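Each chain carries a letter (A, B, C, D and E) given by its place in the written order, and its residues are counted from 1.
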Amino acid sequence: MISLTNLILVFLIGSIVSYLLTKANKILGSIFNFLLISYALYVVWNIKVGHEEVLFRILRDVERTLKVTNLGKYFAIVSLIVISFVAFFIIEWIRKKDIKPAAFNSFLLLMVSGILGVFFSNDLLTLYIFWEIAVLGSFLIVPMGKKESKRAAIIYVVTSAIGSYMYLFATFSIYQRYGILSFEQVSQYLANDSSNLFKWFVILFIASAGIAKSGIFPLHTWLRITHGNAPDAFSAVLSGQLVKMGSYVLAIALSVFPTTQLFSSFYHGVPLLNYVLIWLGNISILIGTFMAIRQNDMKQLIAFSSIANGGYILVGLGIMNSIGYAGGLFHVFNHAIAAAMIFLSFAAVVYRTGTTKIDEMGGLIWRMPWTFVTYLVGIISLAGIPPTSGFISKWMIFSSLVSKGMFITLAITFIGSVGSFLYVFRPLAGVFLGQLKRKHSDVKEVPIIMLVPMLLFVILTILIGVYPKPVLDSIVSIENEVGIKAIEHSGTIIKTPLGQWNTLTVFTMFSVGFIIAAILYMIFPKGKKVDLTDQYTGGEYLYNYDLYHYATGFYRFIERLYDKHPSFEKLYEKLVSFFRYIGYFTYKLVYKTSPSGYVFWITIVILILFWVRW
Amino acid sequence: MTVLRVIAVLLTGFFVGLTLEGIARKIMARVQRRYGPPWYQNFIDVFKALSKRGISHGWIFDFGILMALGGVIATLAFVPLGDLVAFPGLDNIFIIVYLFAVGALGMAMGMVGSGNPNASIGVARALTQMLGYEVPYLVAIAGVLYYYKTSSVSGLMMAQQDTWTLFKMPIGGIVAFISLLGMLGKKPFDTPIAPAEIASGPMVELSAKYMGLLMLMHTFSIFVEISLFVDIFLGISNYLTFLLKFTVVWIIATLISAVLPRFRIEQVVKFYWKVPLSLAFVQVLFVLLGWVF
Amino acid sequence: MSALLIIIPLLAGFLFIPFKEKAKYILPLVVITTLIILLLLSPDQTNAMGGWKAPFGIVLVLDSASYYSLLVVNIVFLLISLMPQIVEKGYSVVLLILLASTNGLVLTGDIFNSFVFLEITAVAAYIIAFSRKNPYGAFKYLILGGISGAFYLLGAIYAYIGTGSLNFADISVNIKEGFLPIVALLIFIGIGVESKIFPLAGWVPDVYDSGSPLTPVILGTGVTFTIMYLFGRIFITVFHGYFLDVVFIFGLLTIVLGELAALRQNKLIKALAFSSIAQAGLVLSTISLGGYEAIKFGYFHLLNDISAKLVLFIIAATIAHNFTENKIAGVSFSIASFSLIGFPLFAGFRSKLLILQLAFSKDNYLLPAVVLFATVIEAAYILKWNIKLWHSTNTGEEKQKISWNVNLILLIVALLIIFIGIFPDLYLKMAQNIADGLTNYRAYVTNVLGGM
Amino acid sequence: MVYYIAFILIGVGIYGFLTQKNLFKHLVSLTIVDTAVNIFIISLGYIEGKEAPIYSKYTPIANFVDPLPQALVLTAIVIGVGTLALGASLLIKVYEKYGTLDVEQIATKEAEE
Amino acid sequence: MSTNERSIWEKIADQLRSKSLWMLHYCTGCGAIELPPSMTSRFDMERFGMGPMATPRQADILFITGYLSAKTLRRVIYTYEQMPEPKYVIGFGSCTLNGGIYYDSYATINRLDYYIPVDLYIAGCMPRPEALLEAFNELMRMIRKGEANGWKRYKENYEWYKQNQLRSLGEVFIHDEFHE
């Protein structure tokens, strides 16, 4: 069992090896990738908590350590599951795609090494270093997607840079004030620090890295472009896993530095800082949901849903009582799996049809049934409908919000969850169901290698939905480690002060209902199978059934209600053009003028200095 | 023991549901000054539909119907009818509301699977309407949960020792009833199944057997919605008083729907998010401040 | 003995004027000889020119600071001389003269002598700036350089009036009180133009964009380092850090407005010119924080910046379109740009981190905020160029292929950047020595004036 | 007293820079500034009633004005001439390229590129 | 199996089918106006369990209320084939019987029976609602007796019907320049 530092080094060297291997043969390189990542998953799976390692040394007196905590281990396992499944998917996917395969594989490994470091770093600076490596790795892959992804990569890096540099600013002010950086010491010093303002400043700035990365309200505009245009398989990693790094930092900012003890309770035991963060989460749920309903590009639609689910996780983590926190953490797992599953099914659809616009497709279920099944179970989990695991986390967040009596947040989370029925159904109806376009009539199902990870995801979601014990156990261990009263659950029954329910009975009752319906279905005479073009058309003869498909402007009647919605992307673009204008102004004034301009500036400087000095 | 209770619940759902639908058609006819069909007409319709040889649009069409009926049967099993509770500890309000979504999603998926655009438009309208009525309903219910500090439906029923929740939180009751009308899909809010505009919406391609199964699902879902309302708002009731209250609520709903024309879909969402949602927030504010009768 | 460092390049320069073309092959030899001489010399010694003792005659001081600066400058010149492709037809002679004047500038201990060497460097820079059909930019640079030279001379003369002699050590010891502000102001103007301070450095973008790869490379790296050393020598050793708070303000202005101006550029070389302005501003404001640590980290960042700029300018000037053909150049370009922004595994990250930690320890919250804001903007436009070069679809019309030796050198420098990123103590030791030399002016005075 | 003349000349030079449009005139004002600085340097060394610092048989006793500024001025003048010559050659090239020496026209021509 | 022995299930099913007939009325010509009075309070059709249905998929009876031109006949045939099994057709008014007042027009068809099997005709140049209700009861009786098996006839001699249709319409599905 190699130590963590060696694992990270293996990945750094591995990225060069995989570059050369993929140069030789695409498939070999991706297989190597997959084996390496699943080995990392194996190592991380049975690494024991509390294991510490000393790393290199940057600032003189503060040494860097990697420490395995429950929280880090949970996040690492979730991320590595997602990445290993996607790596398996890439083995086949990379053959056809026109991206640079060698660079893609090597940067993927570089990113994974960054991710491993982030989840196991024991102090703020090591976390920053590995965070930047992960950002660098993912930045190099994003521009390989569509034309628009070039601009998306820039917006992605700038937003995450804003977040991580505020985080760095906070790290250094802590280091300057206390001289230490590791999490336990910092939380102790923060606990008995007097100035409230400093505590607010530190926690908000550290959380800002999480806000930037998981697409919460102020810094959410990059998600649409980046997820929408990144290479298809990579957007599964991007939204399934990279967004979770943001949630990890939010979890640290909220629970490892225990905000409940640091600040006085503002509303029913929720401190004011948490309340502010919860409201940021609320706004991003609203933005994510309402914008997702409008999208016609399926990948951008799911990108907006990642914003909404990022908001869910923040609301869950922000409540800080045993149920809410557990709900937030469980939702990290659910959203990672569901988003990865959905993006993989989209990658499969794009692999075959080449387009991501919903209204250019239709009726793909008749040609790609297994992709449809993956997408179906994915949206059932994403929308939080009982038999799958998505519902458990939403249920926890709801019951904790009700017990805390935060009704506006509750209403917004309801809007988010019911809204998610709407926007997940749009690709289902537009892409998979309805009339099959003639140009897609010869589309075949995706090769087996791509199907295996998708179906494994399906089994995983339903398994955890019915038997959530493994995930709940790790959450209980996290909650004990972080000092929150752990939720009590026994196997499939989840108990809360408000009420309890049993995932197993729900599933059995659902299957019993299904069997009753099937029996009724069998008894009565069998329906005659009719092909797709035999429809009730009000007696009219239709010749081009491609047009007989309802997908463009699927929810046009609601979209019309909020057509004039405030767009933050335009706001940020105006900001950037304002900065650019200042640059242009100085360039024109100082650098591009005639010699007399230069002399003018020299005299100005002399006069100012004269005036200042005497 | 639970199997017997579940069967009892399903059978009550089936028989009481269909008879009440027949009675509703009779009341509707009486309102329009005509005799109207016998009370057992719905039984005949269901069995006639089941006995015919219809057409199917592929495996997703059948799977959708089965998932719909299976989901609603599962939801019904969890709903306590007065003191008849199939799963005593496990009837959580959120489970019932979201398990109901399985049925809705199953039906939606099946219908759109048929490939007819009328069905897709109908389903899009149904989901939007759901977005409309679900939010005020859940906020009002959350107010009740917060007040009684329990989220199990039978617990809520038992908690109404002295007065009914309807009188304790009248505004919450009104909001829940308006959302109930939306849920039932009766006249003012039956935009998804508008026969005149989109040829009975999602049901456009449903032929014989599937139509029968869907009518069963419709009855069960009505039964679930109203029994939820009765359990939470209309005080403690054993099995018989429960059915009595059930019929009273059902008759009031039919009377309202007999006389009102149909909303347009934007009006439905706008109406639900203007009047009931603000009322729900007022009610919740009262609960927070403790002004409960 | 240390005078040889100036004489040899000067002589070689004048000897090879008649056959300019062949001078290209003599340049590396000359630079290697100067390097060998430098390595033979021991760091702390002073040589009086023409036997005149310190306060009267011109003195060449070779203490630890000037020793290591010479080392850096000569290495930069060596690297450039090893790449004959980028040197224009007859320009190696000019390079020789430039080498002589930069060595002189570093060594000299006399203020007027530093003016003379500054002017020679400036003239050589004007000629290089004019290398390929960019007369207007070169002319503007000449005008600006002329004016700043005049002010520098005025400052030197005022220093002479104030202390009676022209020697740095003498000035630092007994300059009359009233004269220091005027002298500091005038010399600040003189050096400000060369060290790219915000309002004074109008010439930088036009000159760097002169078309030939030689101009930005030599001006951006070698000359910038010498000027920064001179800045350190004068403002820290001679004026004991008197004028530094003003320089701090100007430094911050340079960083912010330099970066913002770069956002708008659509030519890579101009953007990199602005980036070098901003980095120079950053070095100046770090140095002007005051104290031994500040100077050390300032020069450490300068070293990182120079190594990155060397790679960036060469590639930007030679092949400014996609990297699909010459991948190695592309890789080294990306490594250099990542180190400029400050991604973890690269040298830039170390120096930025140390600067931030230093600024915080001095309770100065303004500099980190400005640095981080500038880095965000820098990340935006440099990465935009990175992507544009890696992923540009137009298969470049002129298939300009970089020759192997340029590629090799670039790769070596890029790997050096990564090496420094992981084990920074090579550059750190150099910066430490320079900082030692500059700060303890007592040792400097005793060394020069012989404990008079 | 001579300082004031020097500083006035510097003012004239800088005024020349700020107002003139023609590039050649900029070169002229550059030389004005240089000569002004040189005059200033020379005026420093003057001591009342002393002679020019030239050793010869006519001046046996060293009754000289301060020689150092004069030495400095020599190099300063040479440097001024060097820059002037380079500036003039650059101006020829500018004229060849832009066909004019007027600052505005050059700016418009450059803007077109 | 022949038209009238029916298994026990068929008998029960026919009982139920007769009690709840869903009607898709194809309103052409002047017959359509007779339906609203038969549904509303005076002649309440719902008493017999009958109600109008929007789609042929759910309809039992296809109720053709007037003359049929070549173009509308195509739609009738297309709709008829979309209806699920045990389906019944009622010809309403003399136009469906023998062409009525348009018997000699080039556009309309004279006997509906040639093209689709008609179980029941209602004579009269637009019969009154009472006749309509009488016809419905008659149809219910026929279903209970098992005599109303037009759909079986259609299935058994399908070629004869198809041949009649093609002879008069040319061909059901038109491919011309209007429809690409």
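Keep this in mind: a residue touches a chain if its C-beta (ideal position, glycine included) is under 8 Å from a C-beta of that chain, and two chains touch if they have at least 3 such contacts.
For clarity, every value in this text was computed on a predicted model and none was experimentally measured.
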Minimum number of chain-to-chain contact steps, subunit B to subunit C: 2
Partner chains that subunit A and subunit B have in common: E
Identity of the chain that, by mean CA position, is farthest from subunit B: D
Chain separated most widely from subunit C, comparing mean CA positions: E
Chain pair that, of all pairs, has the most C-beta pairs in contact: A-B
Subunit A and subunit C, separation of their C-alpha mean positions in angstrom: 45
Whole-Å separation of chain centres (CA-atom averages), subunit C against subunit E: 98
Interchain centroid distance [CA atoms averaged], subunit A/subunit D, Å: 67
Contacts with two or more other chains, residues of subunit B listed in rising order: 51-55, 199, 204-205, 207-208
Of all residues in subunit A, the ones touching two or more other chains: 534, 536, 594-595, 599
Residues of subunit E engaged with two or more neighbouring chains: 55, 57
Pairwise chain contacts, counting only pairs that touch as defined: A-B, A-C, A-D, A-E, B-E, C-D
Touch list for subunit E against partner subunit B, complex: 9, 13, 16-17, 19-20, 40-42, 44, 46-49, 53-55, 57-58, 60, 84-86
List of subunit C residues in touch with subunit D within their complex: 112, 116, 119, 122-123, 126-127, 130, 133, 135-136, 138-139, 142-143, 145-147, 149-150, 153-154, 157, 160-161, 166
Footprint of subunit D on subunit A - complex, ascending: 594-596, 599-600, 603
Interfacial residue positions of subunit B with respect to subunit A in the complex: 6, 10, 50-58, 60, 62, 65-74, 77-78, 87, 89-90, 92-95, 98-99, 101-102, 104-105, 108-109, 112-118, 120-121, 123-125, 127-128, 130-131, 134-135, 138-139, 142-143, 145-146, 149-152, 155, 199, 204-205, 207-210, 212-213, 216, 265-266, 269-270, 277, 280-281, 284, 288
Residues of subunit D that touch subunit A when the two form their complex: 14, 17-20, 23, 26, 103, 106-107
